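Presented sequentially are two complexes of subunit A, the first with subunit B as partner and the second with subunit C.
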Partner chain A sequence: MTRNAMIDEWYPVGIAGQLDAHGRKTALMGEPIEVGRGEDGNAKVTGANGRALPACIRYGHVWSSLGDPQKPLFAIPEADQPGRRLVDVGVVRVRCSPLRAVENFLDIAHFPFVHTDILGAEPHTEVQNYKVEIREDEDEVWATQVKFYQPQAAKSAEGGITTEYMYRVPAPTCSILYKTCPPRPGEWDVITLFVQPLAEDLCDVWPWMALFDDETPMTDLIHFQQTIFVQDRSILENQIPGLLPLDPGMEIPTRADLTSVAYRRWLKRHGYTYGAQLVAQ
Partner chain B sequence: MKLYDYVLSPSCYKVRLMAALTGVTLDIRPVDFHPGVEHRGPELMALNPAGSIPILEDGDLVLTESSAMLVYLAAKAAPQWLGNDTAGQAARVQQWLSFSHRLTASLGAARLHEMLLRPGNIAVLQGQGTAALRELEAGLVEQQIRGQRFLASDRPTIADVACFPYVALAPDGGVSLDPYPAIRLWSRAIRAIDGFIEMPGIHRLHELKPEPVPEVGEA
Partner chain C sequence: MRLSHGFVRGETLSCIYHGWGYAQAGNCLRIPAHPALTPPDTIRVATQPVEDGGGIIWISVGEPAAGPPRFEGLAPLRSMMVEADIAALEAVAGTKADGDLLDYTGNAPTIRLLLAPQGQARTLVHVLVAEGSSQAERIAASRAAEALRRAAEDIAHGGIAR
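And then the complex of A and B:
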């Protein structure tokens, strides 16, 4: 393989609401880029040597690519439903592989130990069986019928409930979580993890949410999600090996890791290897 | 008592921790520090021209320095935390309260740079943080020789609460705590205090990992 398939994918590079004419210096897969607002008011992303990069604004963020995206940014139909509150959680930098950040987001088993008394609590540590598939038509990884006991699943949840989840990976560094919505049974809250790969072992993470919750102040929603993510951050920075292994070696997956196994298989199939370890150790 | 608070701020956590340890209930007013920069907005700048949080309000008293807030909470609810049994102890407490500002300016700024992309010269900040940690390690070793587990006494004081958060979160700013065994023991002792609360990045002690107890009959 001479060209990494991830070059042609879309990545988040900033919050749309914070664009300004000066531009903000950042990076994408090792290349310095600048993200600002052009004279026409649209997002303007410039790569090294001043070349103009593809840019679009969606889901509260600016998206760009170093290559030539073959399809538009993935759809989140729920994001356009009326009545949802859209939450820009803000960037958090993590010294880890962008793929590790996504993989951690897909994991349920760590909830009682890392997000104690919020997303999980001992002794309710069991991960019940759930379904995982790579959907061929959409070319996405999906996990469904995920259930977990949570003391405080969302800011709008009072007391413990068994929460149902669905996970979706539509792009190598993006994942969308659909979660039981306490105030609106029958609908799903949407919580996303958009990851900007700065380098193979460094990323900026832009969580974003589209929730049915008319009660909770916006700042509380932001702080809830920042709390969860920063609880993960120190774990992510200490994982070994740093790059995500795509072949079994030092890491032995268990049944609870089915989503991670499917994610790794899907990455390998597409040659999405930026941030991955290819030779088993 | 109203605390203008940010959940990821170690300085705000000092006040929440002190309140929890002294049994004071705070009325928490969350501030959108990141990404909203609300602490630099007109409402909070009118309250604190320095543009920093935490801010603690109690009646007509407005405090903007976290060390002063620790003193206030302790004096009001649990004076033993002031640590002023002797002149030497009171002075040690003041020494570490002042020292804690160096932790904020070095380890705290390194953490903001590495985590929330705030500006700063990271190599300089990490270097200053390392120097401060070495000083703290030496101070704790001297305390151990005196038979005392905490910074100013054999029991915790506001000095420990003032220094603990930025030290415990040093790895967030890329500064390892591995070289400092006295700091790790001290951190464990603080987390074992009744009423201790955590913040993101600082974990509670796990009940399955109690302090080792020598078995009966062991020499």
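And then the complex of A and C:
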């Protein structure tokens, strides 16, 4: 058994604004951890036996790792752009593989059926061709020129529009979605899915957003995103097999699934297999 | 994703996740993400014979030798999932199951449970009550079934039956 490459990655373990000296007990890849604020005011994360774990605060969340991260947390340049509202959506516990949670986030073909009349609606079910690549320099999965008709693309959208999307996977359990911004043509709203792997079949999902929207009350923005994700949860908790297969098997991918195909290939190439199903070679 | 989470429209059974529609023979008719595509015949799901008998939907794995059983004088009440195995249900009911049938008499009139194990520690239970039961009797039977479920799940989770 080799050391899993995912050990050395950063993971979200809590909301930065909720840190306190008392600490919060949670888990990371099967190990009990505690997330709190140290005497110096910085985030402090302790693993089993009290060992100090790497910690940083970024994008509204506390990030940590069980191993030795070889690079800093991925960049989201838009997070520092003036005029954006930063939304801590909170946490949703999902009884599924952390990789399944990310894969579902990358999928648009389910919008008319799972997020009916919000992110999609029949008969507008077609997924047009889009571009997918593994960018070698950044070592990230990217899908671009993704277009989909949406009845209510965002809290700030009035009526149906064809929304354009870009997806980024910069880390095995994190994805960033760039989406047409109704009040600001030319800019992209940023919606992320940060997934904390508690176990191979259990995760805490921390969605986070950086939006151009000065009108909508914060509560409504949070409710919108939570509504969407709770609809996803009912799917995620019923997927078979529970772990994400990295090798071709029973599932039949179509052109609409090319992002998922690239994500699985990228995971396999790096040995990111925590939450994956490995078929005997 | 199981097709049982899906929906029937016309003569087509559709998956809840991406809306792929299947005909009665099991072949895929429609992939909504690609409306112009005729799905290849190789995309198909297994089918089983199905029969509606006495208000219960039965399927058989393989060719059935006879029709489904009839339960004279009983009518279906509700179905529920129990996070426990049959042994836990038997322990609470204080009686052994006869095949996939378990009769339970709590503080209410006797109910008959049809047991369908779902893996190791989960049982799908279809609850039957006496035909012609009043609304009050049906509510009592439903509560009795729920109490049975809670007690069985307590046992399954290492607790002690109430």
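What we mean here is this: the second predicted complex is superposed on the first by the 278 of 281 C-alpha atoms of A that agree within 3 Å, B and C clash if a C-alpha of one lies under 4 Å from a C-alpha of the other, contacts with A are read in each partner's own complex, and residues count from 1 in each chain.
The rule is simple: a contact is a pair of C-beta atoms (placed from the backbone, for glycine too) under 8 Å apart; a residue touches a chain by one contact, two chains touch by 3 or more.
This is a predicted model, so every value here is computed, not measured.
Undergrad: What does the overlay on subunit A give for subunit B and subunit C, a clash or a fit?
TA: Superposition check on subunit A flags a clash between subunit B and subunit C.
Undergrad: Decide which partner touches more residues of subunit A, taking subunit B and subunit C as the two options.
TA: B
Undergrad: After lining up the shared chain so the two structures overlap, which partner does A:4 touch, if you call subunit B first and subunit C second: first, second, both or neither?
TA: Touch partners of A:4: none, neither subunit B nor subunit C.
Undergrad: What is the contact status of A:240 with respect to subunit B (first) and subunit C (second): first, second, both, or neither?
TA: second
Undergrad: State whether A:218 touches subunit B only (first), subunit C only (second), both chains, or neither.
TA: A:218: touches subunit B, not subunit C.
Undergrad: With the two complexes superposed on chain A, say which partner A:144 touches: subunit B (first), subunit C (second), both, or neither.
TA: neither
Undergrad: Examine A:88 and indicate which partner it touches, taking first as subunit B and second as subunit C; both and neither are also allowed.
TA: After superposition on chain A, A:88 lies in contact with subunit B alone.
Undergrad: Subunit A residues touched by both subunit B and subunit C?
TA: Touching subunit B in the first complex and subunit C in the second, no residue of subunit A appears in both lists.
Undergrad: Over in the complex, which subunit B residues touch subunit A? Could you list them?
TA: 6-8, 30-32, 34-36, 38, 114-117, 171-172, 174, 200-201, 204
Undergrad: Touching residues of subunit C toward subunit A in the complex: what are they?
TA: Listed in rising order, the residues are 1-2, 5, 15-19, 31-35, 37, 43.
Undergrad: Can you name the residues of subunit A that touch subunit B in the complex?
TA: Touch residues, subunit A against subunit B: 15, 18, 88-93, 95, 116, 204, 217-220, 222-223, 226-228, 230-231, 233-234, 237.
Undergrad: For subunit A, which residues count as touching subunit C in their complex?
TA: Per the touch definition, subunit A meets subunit C at residues 109-110, 112-114, 122, 125-127, 235, 238-240, 252, 254-256.
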